[in-house]
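Got some structures for you, see below.
Both complexes below contain chain A, partnered by chain B and then by chain C.
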Partner chain A sequence: MSLYSFLSHGLRLASSVQTCLSPNKMVLIKGSLPLKSPSLAILNRLFQTSCSRYGLMEFFDDEKNWGADEVRVGRAWKAEELRLKSNQDLHKLWYVLLKERNMLLTTEHYYEKMEKELFPSPERIDKVEESMKNLEQVVKERNKAYWQLEVSSAEDGCRPVRRERNQFGVMVDRPLTEHVEPETDSNRVRPARPYASPDVANFLKLKHEQEKTERNREARRRHRHVVGLLRRFPDLDLDMLREQYPDVDMDRVRRDKRIRGNHEDRLSI
Partner chain B sequence: MRLTQSLLSPVGKMTKLYSNLPESYIKRAMEKGKVGWKTPRAVQYQPKEIKKKHYRFTMNRPWTDEFARQNQVSRKKVYVKPIPKWSYFRGDMVEVLVGKDKGKQGTVSQVIEERNWVVVEGLNAHYRLVGKTAQYPGTMIASEAPLLVDDHVALLDPADNKPCTIEWRYNESGERVRVSTRSGRIIPTPTQAEETYDYKTAATYRESERDTKEDDLTIISFKPQLSTFEMDVAESMGIELGPPPSETHWY
Partner chain C sequence: MSTRLYPLYQRGNPQLRIFLPNFWMKLLKPTHPIPSNAVQFMVSPEMTKHDVKQYLEKIYNVPVVEVNIANKMGKLRRTDKGYIVKDDDLKYAFVTLPKDMTFEFPNLMSEEKKQERSDQMKEIERVKDTYKKDQDRFKDRPGVPTWFN
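So, the complex of A and B:
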């Protein structure tokens, strides 16, 4: 039912990955072509941890899908399904999804360059990305549980952020960096009041004005929409409308001249 | 409220269920014809774009190319009557209350929630002459026009097969069901209601080559333990993490 089998893909021992790393680097420094060196070809085989090895062709779709109108696949992994899987399975699945995404993006790029045919079933990219997003969410949940148990209830195991004003005076969440020394006035990452200049104050004034105008426009638009609805469907249930549009003032809507008939007295409403 | 309204997708829930597509893809496909102008992808430009925000929903499904093409031009706004809860599903038996097929009963073959429309199979149809050339007289094709729910069609009461009004109530097992207000009989949800673009029923879906098999999906390999994801993976790969690092400061 779901996308992309991963449990059948065996993962080689990690030690083989580690031992591969240093000789690989050495050969490259020597300047030999990577693919012509026989020792490196063997090393490449060891370096790849999945069962299927097609070299560069792994960046492209199956040959039978080339030029197809549609490639039928299932849906994305849901977070509740991923919560059943062990950390090792999630680790493998992440790389299966990553390879799939690389493959899909390369294939899409190829079709765009060719300009002859359309990339079949582009929704596959969204499905893979949704799976990856859910997987990351599950991993963060597990880490958060550990940090809250072991360290403190405020910790979630993620990189901390601090809500502060940036150089334009706008409130942002700044990701913090790790330091050995504690924070003092002398080694502070940003000055304490970077926004205390007349230019920034003017910019902020204009920005707030723009935001306020947009808010007012949006409110007027919604008011006008409800007026239009009541004009076309006079028997609409007002309580239902109040529930659907909670920030629209229904008394003001009913007093609006666009829904009042000409024969009705303005004062009687 | 402004935030929630902007986050709410204009695409109906029934449409999303039928498409079986990720929401992000439907949004992406709908916007295909909408972007009027975009800054070039270079460092000196801020990522800005001018695009139309309003869509006109028609018989074309939102993720199709026809929909995007149709929405390239602006058309007059359509006011759709708000409905408290959607109660018409694919496969429902309904009676047509208006038009040349008034009084006839048929099956709902298509649901377009964004416009409060249903299409009844073979009813309220007009004929189109397709493929007429000098040599060939062409073929007549029946194309059904959509009908407004509540005003132009009504669900049938299973007790007497006559149109009725319905109410959503809970049954003994706690599920919400449609009940005819006249006879109190439950109107069952048809099996066709779970049909999507990819399959007729979820049980008959044929897994493709790259899909995870049902058996693999339901294996529970998770074992709760006191370690983070990184610690667990490193341990199973034989990577020594060493002593815990000394205290650091984040700022």
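So, the complex of A and C:
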């Protein structure tokens, strides 16, 4: 399977590919390398084969974990580790992760909705989802690299989108479609300015006010934080603070009366 | 088979294929008695019957005879602050397996385990009660140690 044929859902230049779902599912252990034709002994050492449960029982965990208070697992896959893997390995790993997530969601639903009990080790779901996110990121990187090499530097193989206002006046990415003839005012299906209405204007006014208030509050929070730091640690390096909190105005912070204690000598900071 | 944006299909191109499907499916324990060859799922709200069938057949190697889909609207409820909010809509899939196949939802929590958990909860409640009683006894005399009579 070539690099590009694997990537993403459907490529213009991709050769046809079988979806890779081998019946004997092999899970690569982290850090081990895939071998071309390993003997059974080596295979057993380097690979961990998932146990031979098939079908719907894959929606459930190992029987030894049923009813356990805690299930100990490793960490999520990092993007750096996944970048070292071949496309076939990533493809297999995706299905392993997908099945694992389904299993965890099934178990979580059973515990929390059916039994009204706490689901043991819920962080497992986050770990699987983080791994899936990283894997998708790596695949997208490879896909983009392929398209830029083979097609053009502007292409990344994704559907073209345009950033514009929707009917609520909010900026969104609108997926573009192809037209036989260019869109004009006469043949336009969708209004050119769907957000042009007094209600939307009012809504946007309120929304912007809300956002501005939140921004101001955030800025004040940061200012107060730095003031608190200086009150507790008066000898802090101001340049370091400036570097760490670039948005905070240090002159204003130094003038703030909250950084002074009730001592006369602190007035001259 | 994916919630991502599909690329534009142009005529003459190979068929669009999904290599990394990201739909989820939960296998549910049926609340009502159902036939032994029927299975109940909760699925991603974007999934269709065909998606469910292909998902089970291709990823899980489970033969599927028929899929029925039911959408359930999320409840409207009032929050503590008085706002009316709507819960997420849910999609259920009722899958029929071939006649000769049976599936029974396994017992994930044995009776002993349930008993153990309820005992633990009872113990926690008992400790809480004791603590509250001690607090109440010296409510009028703060700072007095509990051994003082």
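Note that in this section the second predicted complex is superposed on the first by the 188 of 269 C-alpha atoms of A that agree within 3 Å, B and C clash if a C-alpha of one lies under 4 Å from a C-alpha of the other, contacts with A are read in each partner's own complex, and residues count from 1 in each chain.
One rule holds for everything that comes next: a residue touches a chain if its C-beta (ideal position, glycine included) is under 8 Å from a C-beta of that chain, and two chains touch if they have at least 3 such contacts.
Only a predicted model underlies this, so the values are computations on that prediction, with no experimental measurement involved.
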Chain B versus chain C as contact partner of A:H179, first or second or both or neither: first
Residue contacts on chain A - larger count, chain B or chain C: B
Which of chain B and chain C A:P198 touches, first, second, both or neither: neither
Partner chain(s) touched by A:L229 [first = chain B, second = chain C, both, neither]: first
Contacts of A:V139 with chain B and chain C, given as first, second, both or neither: both
Partner chain(s) touched by A:L56 [first = chain B, second = chain C, both, neither]: second
Chain B versus chain C as contact partner of A:R215, first or second or both or neither: first
Touching partner for A:H91 - first (chain B), second (chain C), both, neither: both
Partner chain in contact with A:P160 - chain B first, chain C second, else both or neither: both
Overlap of chain C and chain B interfaces on chain A (superposed complexes): 6-8, 14-15, 91, 139, 157, 160, 176-178
Contact set on chain A toward chain C in their complex: 6-12, 14-17, 19, 21, 23, 54-60, 66-67, 91, 94-95, 98-99, 101-102, 105-107, 109-111, 114-115, 117, 132, 135-136, 139, 157-161, 175-178
In the complex, chain C residues that touch chain A: 2, 4-10, 13-22, 24-29, 39, 42, 58-62, 103, 106-110, 113-114, 117
Contacting residues of chain A [partner chain B, same complex]: 1-8, 13-15, 18, 72-77, 81, 83-91, 122-123, 125-127, 129-130, 139, 142-143, 146-147, 149-150, 157, 160, 162, 176-183, 188-189, 215, 218, 222, 225, 228-229, 232-233, 236-237, 240-241, 244, 246-247
Chain B to chain A touching residues, read off their complex: 1-2, 5, 20-22, 24-25, 28, 63, 77, 79, 81-82, 84, 198, 202, 205, 207-208, 210-214, 216-223, 226-230, 232-233, 236-239, 248-251
